[in-house]
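Alright, structures below, take your time with them.
What follows is chain A paired twice: with chain B in the first complex and chain C in the second.
Now for the complex of A and B:
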């Protein structure tokens, strides 16, 4: 930090300089490397879990090990309290691979925002949330078409029981909200939560640094305050990371459920 | 009146967007407050429905909160 003056964080936080392959189309910055790291860890973890499940099932080992229990609780959370609750057992298990992928991907990418020395969430630029949101978008349209055929679009855009005078208006609103705003809000909600959280943390800790090392007298005491705020916000960010993963998965499930529902 | 406005315009620095975001956050704040307060009320009346009401509450919060977060994103979309 340059001496003399406090620099508030700006949006440039999310455009760090390239680390690898600078100047080529495959340019990689810090966020990209964090994403690759998280993906590697996630693939390894889920692969190890599924291996453990298969092995204990084959050997008829009914008391799970500690590692296996962790996996059963995490995967079972998505399966039972998200998929089965909203979609029922049959459809829930059908869409479980996508839901599990979304949940663990969002959670893993979010949690890097508070891990020391990584310190930025993999979901804090729009690319990754957009891919996940497009996956959810394609899936709920697929689910609807598979179940109802072309009638899916009719029930989604022209709900029955609406007076025919209002149909054009309802058509426009439904088109906008179902087929445009759903994926956009899915992606934006996640990204903006992470952006806002990261900026808050940077603000708290850079203010702490400024108060402690450049402030005079009373300002040094203020530093303790901003440090406490930063610490509390770090805890809050853990909550937000879990909550956003839960909300993203839950909304995907709800969209699939609405697409599968019969017209009333 | 014009003089006051002109003086304020001359001395105030910073972006009007900050004020705009503050205004946008009011709506979402009230909305989330309503969602949560009604959920608490319902759970107090019928505690056995708590888990299902909480799921609905999170969905409601997610939709409401999206408005404030879209407001946060508009400067990047529509440019300054």
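Now for the complex of A and C:
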């Protein structure tokens, strides 16, 4: 590594200094501000979509405008391709508020990772993924108890058809995988994807900066390589943003579906 | 300020797996906001919109189907009516033809009867005339016989031979006359 200027990104990237309310529990740093910005934009967009839906059925205007159609496709994607496919129409619609919230939240917060001047995903500190995972966790346990009562825990932890010799072992495994690992993996998968993506991009672009402005001769050419790499990774991050939103929502749905199922 | 920076640098690298309180608080806030917006605002209008559209489309499809069925029924009706009219026309033609044939046959019979009647009448008239002719002839013959008798008595009673001859001649004459009739 050349001496002097270049500093590789560290985990401190995700702990920028406080901007507002420093020292209080409501302390805001860049990431929190980005979250507020994203939620403002999301609510604005959703509100506008909702108004076009309302206007559409009030005026009996059944041909949607382009903007309305975009909203219908976006919300309809979560409803049809995720909720209805896994849970059926009735239960799908029951749990739809949580599922759409998770999908749009994760997508909106992820995409800021590649938006110039924001440049960091709102999901890249574990708080938000953890809250979402907790929402999913509470919801699938609620779904199970609502449907099966206390028997839900029995069928979840002591599946029928297992020889009684293995029951303690199965109990431990099921306890760990269903009630501990599920929310943890949901939150970690998302956070680590965003953390890794961000670190990679920072690495690529700060290396490019370093090569271009501090490097000599051949190193300047290297800068082109790191820049290209960064560009490709930016595109890749778009894909990851969508994919993680989809995966998070889909897994939540599957957990709910498993909780609703009569026997595992 | 510088003390704070030094403090930040001196602090151990934060564990990315453990959330900090502000992180959790703001995350919960944005989560709650978005959940509420979806739950109470977006999804109800989204579903209502889709439902009303589905209803409208189904209603229109049904109306179209009904209209089509009606049109089909109308066409069938018209075709049936046309077929009925055609068969009626055919039967009327058939009846007219039969009636015509009947009328011709009747006329022919009437004409034949009339002709027969006229022939009969003519024959009867001829017969009657003949009878009357025979009768008048008989009376004429009687007168002639009286004439003859008087002439015979008047002129030639003196000659028996002559008178006999004359009477015979006369009778022969009458016979030949009668034979002609």
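Keep in mind that, in the parts below, the second predicted complex is superposed on the first by the 259 of 264 C-alpha atoms of A that agree within 3 Å, B and C clash if a C-alpha of one lies under 4 Å from a C-alpha of the other, contacts with A are read in each partner's own complex, and residues count from 1 in each chain.
Note that in this section a contact is a pair of C-beta atoms (placed from the backbone, for glycine too) under 8 Å apart; a residue touches a chain by one contact, two chains touch by 3 or more.
Bear in mind the structure is a predicted one, so any value in this text is a computation, not a measurement.
A.B. asks: Go through the superposed model and pick first if A:185 touches only chain B, second if only chain C, both, or neither.
C.D. replies: Touch partner of A:185: chain B, not chain C.
A.B. asks: Figure out whether A:195 sits in contact with chain B (first) or chain C (second), or with both, or with neither.
C.D. replies: The answer is both, since A:195 touches chain B and chain C.
A.B. asks: According to the contact criterion defined above, which of chain B and chain C contacts more residues of chain A?
C.D. replies: It is C that touches the greater number of chain A residues.
A.B. asks: If we overlay the two complexes on their shared chain A, which of chain B and chain C does A:135 touch? Say first, second, both or neither.
C.D. replies: The second partner, chain C, only.
A.B. asks: Report for A:11: first if it touches chain B alone, second if chain C alone, otherwise both or neither.
C.D. replies: Both partners, chain B and chain C.
A.B. asks: Quick check for you: in the superposed arrangement, does A:251 touch first (chain B), second (chain C), both or neither?
C.D. replies: Once the two structures are laid over each other on A, A:251 reaches chain B alone.
A.B. asks: Overlap the chain B and chain C contact sets on chain A and report the shared residues.
C.D. replies: 11, 188, 191, 195
A.B. asks: Chain B touches which residues of chain A in the complex?
C.D. replies: Answer in residue numbers: 11, 85-86, 185, 188-189, 191-193, 195-196, 243, 246-247, 250-251, 254.
A.B. asks: With touch defined as at the start, can you tell me which chain A residues reach chain C in the complex?
C.D. replies: Touching chain C: residues 10-12, 14-15, 17, 24-29, 31-32, 35-36, 38-39, 42-43, 46-47, 49-51, 53-54, 56-57, 60, 62, 71-72, 75-76, 79, 93, 96-98, 100-101, 104-105, 125-128, 130-132, 135, 188, 191, 195 of chain A.
A.B. asks: Given the complex with chain A, which residues does chain B contribute to the contact?
C.D. replies: Per the stated touch rule, the residues are 55, 58-59, 61-63, 65-66, 69-70, 72-73, 76.
A.B. asks: Chain A touches which residues of chain C in the complex?
C.D. replies: Its residues touching chain A are 8, 13-14, 16-28, 30-31, 33-35, 37-39, 41-43, 45-53, 56-57.
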